[in-house]
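Heads up, the next two complexes both have subunit A, just with different partners, subunit B and then subunit C.
Here is the complex of A and B:
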């Protein structure tokens, strides 16, 4: 029985009732979104125009926080570091993840064991991973001095304490925990590729690399592009590994927008300015999403 | 009939719930006082020495101490959301100033007058809690900066503990020649560690008198005495690499690392606060070597005779929203009313935590107290009693200049910022803090 078949209900009212029914199903999610996403986002935007310390009654300061932001050398250093971070994560982990997944996809027995092993770092808490790598790369008792005793000296220096290597050191640890996640994603995508395509490629004399280049990659493009989008978004908000390994130091060498935001909000009692930095991070995400929407509208299969 | 039975059942149920409600009210007669503390505190020890004795003496109050991870941030978030505990434990006076501006803390002036807290606490410690004419915090711990050294290493090499710059540099050179790091320290896990060193050099190069004048605005931080202090620290930590072997190593060592280095004899000395007594006992017990301490060497004539920097390690305040301020005040007064009790509580932490600044005498300490630690507190009382006091940055600096002091100094160490520009920035932040009324109480000399 439909609403329109009910006695005394006009077609217009029935249509309205149907719509109401659909909205009733969506309403809980919408309310949840409103409470945990929309209201905090709007509040964050509003705070960016105030001198809120985190506790006081905020006063409106207009564009003062934004003027300060555009003259703040540490913010631009953090922005640059975020860009470097993004480039690093768009290259090494994706490359290693693709290679790992491709090699694993050819293994028939024991594949699940490797999947689990690769995925374990991703599910281990970041505080555990950082403590482990801090010890492994400790300049006194880590692998650096151990290798140096055997004549291999390239790791025998304080990686997290050296300005030139601090950011790369943290990114390495983060990437170490992250790449297994990519392997599992890519492997799932590869498992759905039609095996006949590989057979045809082999009959045409394609090498393993050519099969990967001309069969695998085009077939998993939606997954690949999705991971690229997510990496760009996540790179703007990455925080835990930097905070726990270097706190953005030494001398801001590994400062990211998120750690600088935290510094302003929690060390300097400057929640208004921290919200302004948060707005810049949101802008980063918006630009990334807009770029992908644009490409999709241009007909890209992503 | 059925209806009547149902009515009786409902009436009985209402009665039963009513009785349960009465029981809850009776239970509610015991006032619960919540206090969050640092997560490295041994809860069993603190329950045994503090919570249980208090609760036994006060049947109407139940004190509950709960360790919190990242206490500072957890507390601030809870305060902002109105969910903070009754007793607010903060890292120092600059936090109290911010809370006070927002009306989040309770004025303890009346309680202080009623219970004579001004007489119970050391005068400077009592003063440090006064803001805008009211008492808003009491120190949970008082501390100072000292020179800890590996006595085994010093004796084996025939070195004497340095008391001035020349002796300090001579020991450092001798240590280097012997393949030992002169000093060890690091800021992994707590970036503000930098301020320990900056404060030490300001007080022992520029001298406490000059620091005092700058704190009260009679002197500029850009004056040459302060530039000399920051330059000497840069020479020692960055150019000479005396703190752990190199500046980069300083940024890679944490609490366990530098204690292991000192207690194993890989380093000779450490400039640290008296909270280090806890680490010294723990790590030297493992290594079997011997530690001792000395006042920090005086690095310049400006500093005069050696001094002890005044510091409150943590502070206790009362949440303005607490439902039972009287019960909370009872807890605070109980804490301050018995020096022997305070020492019993603090003994579990090498007298580096829960050391409320009361006027202790050597006789107040338990018989089994480490004589080296008792010697410190006796000397601290004597020296500070003569007015030879210095100033720690986390007790006397407002929030913005304080953060600048420990954050921007890293750029000085890495030659990204000149000493002059660093101090000019610092002076500007102090001027802003003064204009905003954000300065903290400075005890008169």
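Here is the complex of A and C:
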């Protein structure tokens, strides 16, 4: 059916009908998103101020959940773990990603093949990745005892079952599946860098590292900053790998905000308190985005 | 000079690149080899080639893991989500790309906010509402959620394809008096099929692998997809490494084959959307 002006309708009404006809195309997406994401998010912020268990009729309790949160050692442990997680992901995977992409950008043959190989772990499901590494890092049937036979003993202990190493072990497994994604992102940014800039740098006697530092890095800054922002956001909500490998244990040593929230919402009948944790996660995301916007306003080309 | 510099320094480069390739692939190769070993053999020989190849792990995992049912469930979720998301995202992308929509910036902002909200925040109220209206433990309940989650990504991916289409086709049809719907259905949609394919693959991959929403909204054993049932399977047969490796291979093999066949589209779609898999 058409929304062109028909006989009998005024021009103004016809204009409205046409606008309505155009909006009809975006309406399904907007409505669905409203019902599934926006309204429940607002509700999530609201129930943070209630004693909702998930099963009762919630009643308003003011800032009680927040008072509890600020005295909750497990929450602060989880928050600290999220910060450690963020720092880990902002260093090792970005370093490997930049290095891999830079080396890849300088070779002539096989670029596509390496790109595909590095990307494969990224398409493998978390439930498969964790299974694989649970075996490889197992103290009985993994690479730990195998290396121990040859005198290398630093992996010969239960990594996920030791308080000091559980979080690092989990982050390693997650990062293993993530770095190749960064290689591909950085590589496509690097491939659009003007070749002449490298020529000039070489004529000035720049070493390969100097070329990377003074030509590549400034040229791919928008992509680099984008991935940094994404990592900061994703690090606050990361869930699968911790849930599957340690469930936040042993003794909350690898607890994250997301796993602590999940436990409160679905195992401890404490939905109001869980929503309070969810609000802190949203605050983290909002701060990251605000920082990004601020830097942009300050004239950073990002 | 350019070429010379490259050949001079390319051997160390290739060594690093090959080491990285081994790092990426070795765990998967070991998983595949362990899936055809017996569990005692994995104890003796955890990362080497199998002494005897036995496929019993696969038949046993298929039976014990109830794969006939969970594979069907995963396919239902994946196919329905792709169809639903592409339908609504295709319509929205068309309007954003081709119709002069007042407030398009507002929609972009709305999507940006909507996709940055932590899932765990809206998941809690959503779960209890879904339970009230009987959508927990139903496929349609989860499909609706997936469509809402992936539609913003698909809309923007499809929009980028539709914006790039030549204007003449649309103008010609408009002159012939075609409606917006006609232009969408008969001109824009057929021409932007690569976008639909790319978006569909990315959505399919995400649904196939998705864990958090699946484990929450499909807690029952009859409706659950491979991802969450494999997790339960791993918990149950924790020490039976041959069996659980076979279970993992069943889940990941179709994905890797499809990825290798269509890697360009997968990589393009996954690196454009900023969507986490």
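Quick note on the criterion: the second predicted complex is superposed on the first by the 267 of 302 C-alpha atoms of A that agree within 3 Å, B and C clash if a C-alpha of one lies under 4 Å from a C-alpha of the other, contacts with A are read in each partner's own complex, and residues count from 1 in each chain.
The criterion applied here is as follows: contacts are C-beta pairs under 8 Å (C-beta built on N, C-alpha and C of every residue); 3 or more make two chains touch, one makes a residue touch a chain.
From a predicted model like this one, the values you see are computed outputs, not experimental measurements.
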Partners on subunit A (subunit B, subunit C) - clash or fit: clash
Touched partner set for A:33, first subunit B, second subunit C, both or neither: second
First, second, both or neither for A:44, with subunit B first and subunit C second: second
Contact breadth on subunit A, by residue count: subunit C or subunit B: C
Subunit B versus subunit C as contact partner of A:76, first or second or both or neither: neither
Touched partner set for A:234, first subunit B, second subunit C, both or neither: second
First (subunit B), second (subunit C), both or neither touched by A:132: second
First (subunit B), second (subunit C), both or neither touched by A:266: both
Which superposed partner A:95 touches (first subunit B, second subunit C, both, neither): neither
Contacts of A:16 with subunit B and subunit C, given as first, second, both or neither: neither
First (subunit B), second (subunit C), both or neither touched by A:54: both
Common interface positions of subunit A, toward subunit B and toward subunit C: 54, 134, 140, 266
Subunit A-facing residues of subunit C, complex: 2, 5-6, 9-10, 13-14, 16-17, 20-21, 23-25, 27-28, 30-31, 34, 42-43, 46-47, 87-89, 91-92, 94-96, 99-102, 107, 110-111, 114, 116-129, 144-145, 147-149, 151-152, 155, 177, 179-181, 184, 205, 208-209, 211-212, 216, 227-228, 230-231, 234, 241, 244-245, 247-248, 251-252, 255-256, 259-260, 263, 266-267, 270-271, 274, 276-277
Touching residues on subunit A, where the partner in the complex is subunit C: 1-4, 19, 21-23, 25-26, 28-30, 32-33, 35-38, 40-41, 43-45, 47, 54, 96, 99-100, 103-104, 106-108, 110, 114-129, 131-136, 140-143, 145-146, 176, 180-181, 184-185, 188, 199, 202, 208, 226, 230, 233-234, 236-237, 239-240, 243-244, 258, 261-262, 265-266, 271, 274-275, 277-279, 281-282, 285, 289
Residues on subunit B engaged by subunit A in the complex (per definition of touch): 72-73, 76, 79-80, 98-99, 101-102, 104, 187-188, 191, 246-254, 257, 260-261, 399-400, 403, 407, 410-411, 413-414, 416
Contact set on subunit A toward subunit B in their complex: 53-57, 134, 138-140, 157-163, 166, 246-247, 249-252, 263, 266-269
